[in-house]
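Labels A, B, C, D, E, F, G, H, I, J, K, L, M and N are assigned to the chains in the order they are written; within every chain, residues are numbered from 1.
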Amino acid sequence: MDNITIIAVTSIITAGFTTGIGTMMPAIGEGRAVSKALDSIAQQPDAAPTITRTLFVGLAMIESTAIYCFVLSMILIFANPFWNHFLG
Amino acid sequence: MDNITIIAVTSIITAGFTTGIGTMMPAIGEGRAVSKALDSIAQQPDAAPTITRTLFVGLAMIESTAIYCFVLSMILIFANPFWNHFLG
Amino acid sequence: MDNITIIAVTSIITAGFTTGIGTMMPAIGEGRAVSKALDSIAQQPDAAPTITRTLFVGLAMIESTAIYCFVLSMILIFANPFWNHFLG
Amino acid sequence: MDNITIIAVTSIITAGFTTGIGTMMPAIGEGRAVSKALDSIAQQPDAAPTITRTLFVGLAMIESTAIYCFVLSMILIFANPFWNHFLG
Amino acid sequence: MDNITIIAVTSIITAGFTTGIGTMMPAIGEGRAVSKALDSIAQQPDAAPTITRTLFVGLAMIESTAIYCFVLSMILIFANPFWNHFLG
Amino acid sequence: MDNITIIAVTSIITAGFTTGIGTMMPAIGEGRAVSKALDSIAQQPDAAPTITRTLFVGLAMIESTAIYCFVLSMILIFANPFWNHFLG
Amino acid sequence: MDNITIIAVTSIITAGFTTGIGTMMPAIGEGRAVSKALDSIAQQPDAAPTITRTLFVGLAMIESTAIYCFVLSMILIFANPFWNHFLG
Amino acid sequence: MDNITIIAVTSIITAGFTTGIGTMMPAIGEGRAVSKALDSIAQQPDAAPTITRTLFVGLAMIESTAIYCFVLSMILIFANPFWNHFLG
Amino acid sequence: MDNITIIAVTSIITAGFTTGIGTMMPAIGEGRAVSKALDSIAQQPDAAPTITRTLFVGLAMIESTAIYCFVLSMILIFANPFWNHFLG
Amino acid sequence: MDNITIIAVTSIITAGFTTGIGTMMPAIGEGRAVSKALDSIAQQPDAAPTITRTLFVGLAMIESTAIYCFVLSMILIFANPFWNHFLG
Amino acid sequence: MDNITIIAVTSIITAGFTTGIGTMMPAIGEGRAVSKALDSIAQQPDAAPTITRTLFVGLAMIESTAIYCFVLSMILIFANPFWNHFLG
Amino acid sequence: MDNITIIAVTSIITAGFTTGIGTMMPAIGEGRAVSKALDSIAQQPDAAPTITRTLFVGLAMIESTAIYCFVLSMILIFANPFWNHFLG
Amino acid sequence: MDNITIIAVTSIITAGFTTGIGTMMPAIGEGRAVSKALDSIAQQPDAAPTITRTLFVGLAMIESTAIYCFVLSMILIFANPFWNHFLG
Amino acid sequence: MDNITIIAVTSIITAGFTTGIGTMMPAIGEGRAVSKALDSIAQQPDAAPTITRTLFVGLAMIESTAIYCFVLSMILIFANPFWNHFLG
């Protein structure tokens, strides 16, 4: 393998690994948050607006960790500085 | 193996790994959210519309992490910039 | 191994891995959703139609993650662009 | 090993792995669903027909993920396009 | 190792792995279903016939996943198409 | 190693692995079923005959998965078609 | 290593592995069954004979899976057909 | 591989690993915190402002651990002192 | 390494592994049984003789799985038929 | 690889590993502390100041373990004595 | 390495492994038994003598599994028949 | 690699590993202690001073295990006797 | 490596492994016993002397398993018969 | 690598491993003991002196297992008999 192939292979594998692994736990965390929100609404329907608003803020925070991973993968595939260096 | 084969092999493996692993936890998270929704509806049937609406928003958020993985796999198989570079 | 064999071997392994691993957690998630639905029906038989409808929507969402994996495996076996490139 | 042997070996291993691993979790999911159904029938015998019907729909959904794996294994053993290509 | 030995070795290992791993979780699932059935009979002796009938249907569904694995192992040992191809 | 030694070694390892691993979970499943049966008898002594009968049917089903593994091991040691082929 | 040494080494390792791993879960299963039996006797002393009898049948079933492993190990050490073939 | 390629490859892999692994647990931790906040609001709606404020401080603390990982990855990709040394 | 050394090394490792691993779970199982016995005695002091007697029978059964492992290790160290064959 | 490259590669990998792994559990620990704080505020709103103050001290203690890891990574990247030795 | 060194190295590693691993679970089991004994004494102080006596018998049984491992290690270090054979 | 490089590489990796792994569980332990303290304050606000004081002593004990690891890492990086020996 | 170095290296690694791994579970077991003792004292202050005495006996038993490991490590470092043989 | 380097490398790695791994579980055990102590004080403030005293004795016992590991690491780094032998 020449150098540019190695960089390409590494970028592909790392991008897949990062997204594949890094989105696992946000899904769990969001599932837990959503299920508790549903529980809370059923228990206290009057507080539904407050619960829903807090839920959305929380989901945004949790989703952000998944997005870090996805952004990193996109950087590695479409805006990889090492790849650009070797292409240049 | 010449370089283009290596890129192809890496892309295939990474696509499979990312989708195979990355869709595991969303399934768990959705299962937890759905089961809690059913629980909540049984406990408070009057709040069913609010619960169902919140559930669907939540499922969409959770599903999004699975879709990140599937999209990444599709990019690697059908729109892989490294593959296109070596083909060019 | 020549190149086309490597692609074939990789595709077979990845297809099997993706389907074998990727369908594990949907089965768990669906099992949890179904078991909770049964619980809820027993607890609140009057809400059975709402519960059943929500259950089916939820099962469809969860099943979708298993189907992503199965579709990816089918693509790798029967419509693999890399395989087609090397055959061409 | 010549190429055709490699394809055969890979197909055998992948078929066994996919079925062996992929049927684990459906068994767990079905066990959970069945055990909850029995629980619900004991708790609310009057709802037995509804519970049984929902259980069977759910078992079919869960079994489907095991069948994806078994079908993929059968394809790899008896209708493997890569094997047919090398035999041809 | 010549080719036919490789096929034989692979078939033996895969058959053992598939049966050994694939029957683990059905045993757990059935154990859970049976134990819940006993619980339910103790709680509601009048519903014993319904419970027993549902239990047997459920056990059959769960056992089916173990049988997929056992059947695949038997195919690999006694009706292996790849082995037959190399013997021919 | 010549071919027949390889077959022998593989058969020994696979037989041990299959039995060693494959009998783990049936033991757990049976332990759970038995312990629940004892619980149920203590809770509802009048239902002891029904419970015992259901327990034995269930234990037979669970034991069957362990027996699949043991039978496969015995086949590999005493009636191995690949071994017989190489001896012939 | 000559062939007969390989067979001996493999038999020793497999015998140890099978017994070492295969007796783990029966011990857990029996521990669970015994502890539940003690619980049940404390809760319902009058049912002690029925509980004890059911416990012993259950322990025999669970112990059988450990005995499968021990028997297989003894066969490999003292009545190994592959070893006898190479000695002959 | 020459030295600069090794540095590039290592940086890519480490960046992906650090972000992929390091954002898993913050997602879980945030999910737990959010779900408990929703629970608390449902239980004590009058304390919602205090709960929300404490939640946001806590989420910021937890998110900080994910940000450490993401920052480290960005340093490795865009401001890597070792890479700059070898480029110089 | 000559053959007799290999046999000795293998026997030492296997003996240690079998005893080290195989006595783990009996210890857990016995711990569970003993702790439940203490619980039961505290709850129903009048049934102490029955509980103690059942406990001892159960401990003997559980200890037997640990003894299988220890016996196998002793056989491998002090009465190893393969070792005797090579010494002869 | 020459020596200075090895030091650079090792430092990159270790920095990533230490931060990636070492920040996992603090996130969990903080999540648990925050969620319990929210629970306690909901249960005893009058004690909110004491709870909040204790929470912040505790979070600082837990965060310190994550900071140890991040500091070590920063030392390895920007103030590595071994790197400086080889550069000198 | 000559043969006697190999035997020495193997004995050292196996002795450490067996004691290190094999004493883990007895510690857990004893911890569980002791903690339950304390619980039972607090609940039923009058039964303290019976509880203490049963506890000591149980601890002896559990400790015996740890002692098997320690004895085996001592045999391997100070009374190793294979070592003696090679020294002779 | 010459000797001094090996020592440097080993020290870097070990320092990172020790801190990265060794600070995981203290974070969990402290999280558990803090969360229980908050719980106790909410339950018994009058005992807050005693609880806080005991908590701080306990946190110091737990933090000490993390500090052992961090100190060892600092010794390996800044006061390594083996490194000094080879430099001398 | 000459023989005496191998023995030294093996002894160091085994000593560290045995103590590092073997003291894990005693710590857990003691933590559980101590925490239960505190619980019991809080629940039944009058039984504190009996509880404390039983706790100390139990801690001594549990600590003994950790001491087995530490003693074995000390033997390997300071009184290693194999080391002495090779030095002699 | 010459012999003295090997001893140094081994000592560094083992010291780090032993401290890194061996201090994990004491932290957990202490966390559990401390959290239970806080719980007990909140439940029975009058018994605080007895609880605190028992807690400190228990923490000392648990900390001792961590100290075994730290002492062993210090011996390996600063008073290693094998290192001294090779230096001599």
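Rule of thumb we're sticking to: a residue touches a chain if its C-beta (ideal position, glycine included) is under 8 Å from a C-beta of that chain, and two chains touch if they have at least 3 such contacts.
Each chain and its UniProt protein: A, B, C, D, E, F, G, H, I, J, K, L, M, N = ATP synthase subunit c.
Just so it is clear, the model here is predicted, and its values are computed rather than measured.
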item: Touching chain H (ATP synthase subunit c) and also chain K (ATP synthase subunit c), the following chains; value: none
item: Chain centre separation in whole Å, for chain L (ATP synthase subunit c) relative to chain G (ATP synthase subunit c) (CA means); value: 43
item: Whole-Å gap separating chain F (ATP synthase subunit c) and chain G (ATP synthase subunit c), where each centre is the average of the chain's CA atoms; value: 11
item: Rounded Å distance, chain A (ATP synthase subunit c) centre to chain D (ATP synthase subunit c) centre (Cα mean); value: 30
item: Per-residue multi-chain contacts in chain J (ATP synthase subunit c), two or more chains; value: 11, 13, 15, 17, 19-21, 24-26, 28-33, 35-37, 39, 41, 43, 55, 59, 66, 73
item: Category of the chain touch graph - line, ring, star, complete, other; value: ring
item: Chains in cyclic order, anchored at chain E (ATP synthase subunit c), direction fixed by chain F (ATP synthase subunit c); value: E, F, G, I, K, M, N, L, J, H, A, B, C, D
item: Interfacial residue positions of chain H (ATP synthase subunit c) with respect to chain J (ATP synthase subunit c) in the complex; value: 3, 6-7, 10-11, 13-15, 17-22, 24-26, 28-33, 35-37, 39-41, 43-44, 46-47, 50-51, 54-55, 57-59, 61-62, 64-66, 68-69, 72-73, 75-76, 80-82, 85-86
item: Touch list for chain A (ATP synthase subunit c) against partner chain B (ATP synthase subunit c), complex; value: 1-2, 5, 8-9, 11-13, 15-17, 19-21, 23-39, 41-43, 45, 48, 52, 55-56, 59, 63, 66, 70, 73, 77-78, 83, 87
